[in-house]
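Got some structures for you, see below.
In what comes next, chain A is part of two complexes: it sits with chain B in the first one and with chain C in the second one.
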Partner chain A sequence: MIDVIRDKVKELLDSGEIKGFLGLVRKNGHIAPHLFQKGDDLGAMSLGDDKVAGDARYPLNKFLINLAKAYPEETFAVLVRGCDDRGLQTLYTWNQLNPKKVVPVGITCPQELADACECLKPFPAVITAGECAQPGTPRSVAAVDALVMSERFSYWMDEFVKCIKCYGCSNVCPMCFCNECTLKCDDLVKGGELPPEIPVFHHTRAMHMVGRCIDCGLCEEACPSNIPLRTLYKKVGSIMEEQFDFTTGAVRGQRSPLNKIDFAEGRK
Partner chain B sequence: MGAPINYRTVLTTCTYCGCGCNFFLEVLDGKVIGTIPCKTSPVNEGKLCIKGWNVHEFVQHEKRLKTPLLRKNGKLEEVSWDEALDFTATRLRQIKESSGPDSIGFLTSAKVTNEENYLLQKFARAAVGTNNIDHCARL
Partner chain C sequence: MLKFSGIDEARLKASWVSSAEAPELVHEFTSFIKELRELGPSPLRADYRRELV
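Right after this comes the complex of A and B.
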């Protein structure tokens, strides 16, 4: 699979279609996010697999936003999995990236990763390399939903109380791009208090991820306290799907139903 | 095609405490713009605390000290390393001679290496002659 990606990237770079390819590289014994440019050695390129499939996934779209801001005239290619692709569509919708300046290089996720992520679409719309895996089976949300209300509440409170307020969930999130963050507003979230006010802190983030969360799971992987954040956001996502038939990133230009009020009252 | 873009992710170790978490500093055109924890690091496995996550904020912060400061006539002034070290060595010697080595104490840091911590305790015990050495965690 990596050879196909290498050839594709070489072709894009040599033709001058792109200024650089944002992907992953193996260096210093680690897998690192990396910008490949014309003439660079593509031999050390990686797809993020270290010991287990996809265990070195990084928020490449987040880095892409930084590059695009600094070099708005340039076109960049970026390595995308299914979740990253949903992310790109959503970032286009929210005007954070210009689709004319982005060339996605799509890879499929192996079955074990799709299963581990319980991912409903473990491949991007346009696939450069790889075979499509079967969608993962949702389990985590159902397992929590099976608890009676009081136990469910205790379950979440016991998880949230472990929060050390590192903001890693938001820092790593490729979809967190607000200039002003509610969770960093002194009037709403008191500084210097641990744990933060629960469950409000985590529910606030969950609410703000409606129409944003593309279920990449990087937040949960970044959480030093192992709070099952992904389960929380999956639950929010499932409510959106059931109530509004809305899946984040499924259709470019489709905003979350919770934002429809903007159109109704403001812009018509 | 113009010149290549100077964009790098630099693997380094957090200087905030003794854990030694690894992360990448995202560097664009010579400016550190972001921190991302290293997922393949056996130390922190892609996780960081709030201080580590914000390392890029202090590295090039305008308020960061770039030269030693020496208080002269009640005011802190920028001085050269030579002047700062000469002053400190002279005063430490004077104080040791006038008041004895136990009138001096040393506080070392979690932000430096084990070897540097070792050096400071060696300096305190062997060069100055006091056991007054402690760690910043008990400040």
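Right after this comes the complex of A and C.
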């Protein structure tokens, strides 16, 4: 798979179509984000599979937003899995990235990763390399739904109480792009307390992920307290699906129902 | 989301009342306060940190 990606990236760089390729590199024993430019050695490129498939994923789209801000005229290519592709589509609709300046280089995820993520679409719309795996089976939300109210309450409170308010969840999130964050506003979430006010801290983040969370699972991976954050946001996503028939990032160009201004006819 | 977290939905209420409708506003407040009293103290008031000793 990686050879196909290397060839594709080399072709894009040599043709001058892109200024750089935002991908991953294996360096000093670690896999880390890297911007490959024309003439660079592509030999150390990685697809984020260290010990098991996809165990070294990064919010590349988040770095891409910064790159695009610094070099608004340039076009960059970026390595995308299924979740990253949903992320790109969503970031376009929130005007954080310009689709004309982004070239996605798509890879598929293997079945084991799709199953672990319970991912509903473990491949991007345009695939550069790889075979499509079957969607994972959703389990985590149903497991909480199966509990009675009092058990649900203690389940979540026992999890939330472990929070050390490190902001890892929002720092890693490719869809967290606000400059001002509610979670850092003293009037809304009281500062200077550990754990932060629960469940307010986590519910606030969950509500802000409505129409934004693309279910990449990076938050849960980053959380040092192992709080099952993804389950919470998966629930948010499933409510959006039931109520609005909307899956974040699934349909190209489709805006979230919360990000839609229907102008009266005739108005430009 | 509240239900998913095991919190009684009846503890949250959203009503749209115009500033010109004072009696409606008062009615919303008093009836909601009554409902909350019936539900009893909020489970969120407790300290969920574990005992240290």
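The rule is simple: the second predicted complex is superposed on the first by the 255 of 268 C-alpha atoms of A that agree within 3 Å, B and C clash if a C-alpha of one lies under 4 Å from a C-alpha of the other, contacts with A are read in each partner's own complex, and residues count from 1 in each chain.
Note that a contact is a pair of C-beta atoms (placed from the backbone, for glycine too) under 8 Å apart; a residue touches a chain by one contact, two chains touch by 3 or more.
Everything quoted here is computed from the prediction, not taken from an experiment.
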{"item": "Touched partner set for A:Ala32, first chain B, second chain C, both or neither", "value": "first"}
{"item": "Touched partner set for A:Glu193, first chain B, second chain C, both or neither", "value": "neither"}
{"item": "Partner chain in contact with A:Glu11 - chain B first, chain C second, else both or neither", "value": "neither"}
{"item": "Partner chain in contact with A:Asn171 - chain B first, chain C second, else both or neither", "value": "first"}
{"item": "Which superposed partner A:Met149 touches (first chain B, second chain C, both, neither)", "value": "second"}
{"item": "Contacts of A:Val236 with chain B and chain C, given as first, second, both or neither", "value": "second"}
{"item": "Partner chain(s) touched by A:Ala206 [first = chain B, second = chain C, both, neither]", "value": "second"}
{"item": "Greater chain A contact set [chain C / chain B]", "value": "B"}
{"item": "Contact residues common to both interfaces of chain A (with chain B and with chain C)", "value": "none"}
{"item": "Parts of chain B lying in touch with chain A, wherever the complex brings them together", "value": "1, 4-5, 7-9, 11, 22, 24, 26, 28-29, 33-41, 46-50, 52-53"}
{"item": "Of all residues in chain A, those that touch chain C in their complex", "value": "144-145, 147, 149-158, 160-161, 195, 198-199, 203, 206-207, 232, 235-236, 239"}
{"item": "Chain C residues within the chain A interface of the complex", "value": "1, 3-8, 43-44, 48-50"}
{"item": "Chain B-facing residues of chain A, complex", "value": "16, 19-20, 27-35, 37-38, 50, 55-59, 63, 66-67, 70-71, 74, 164-168, 171-172, 221-224"}
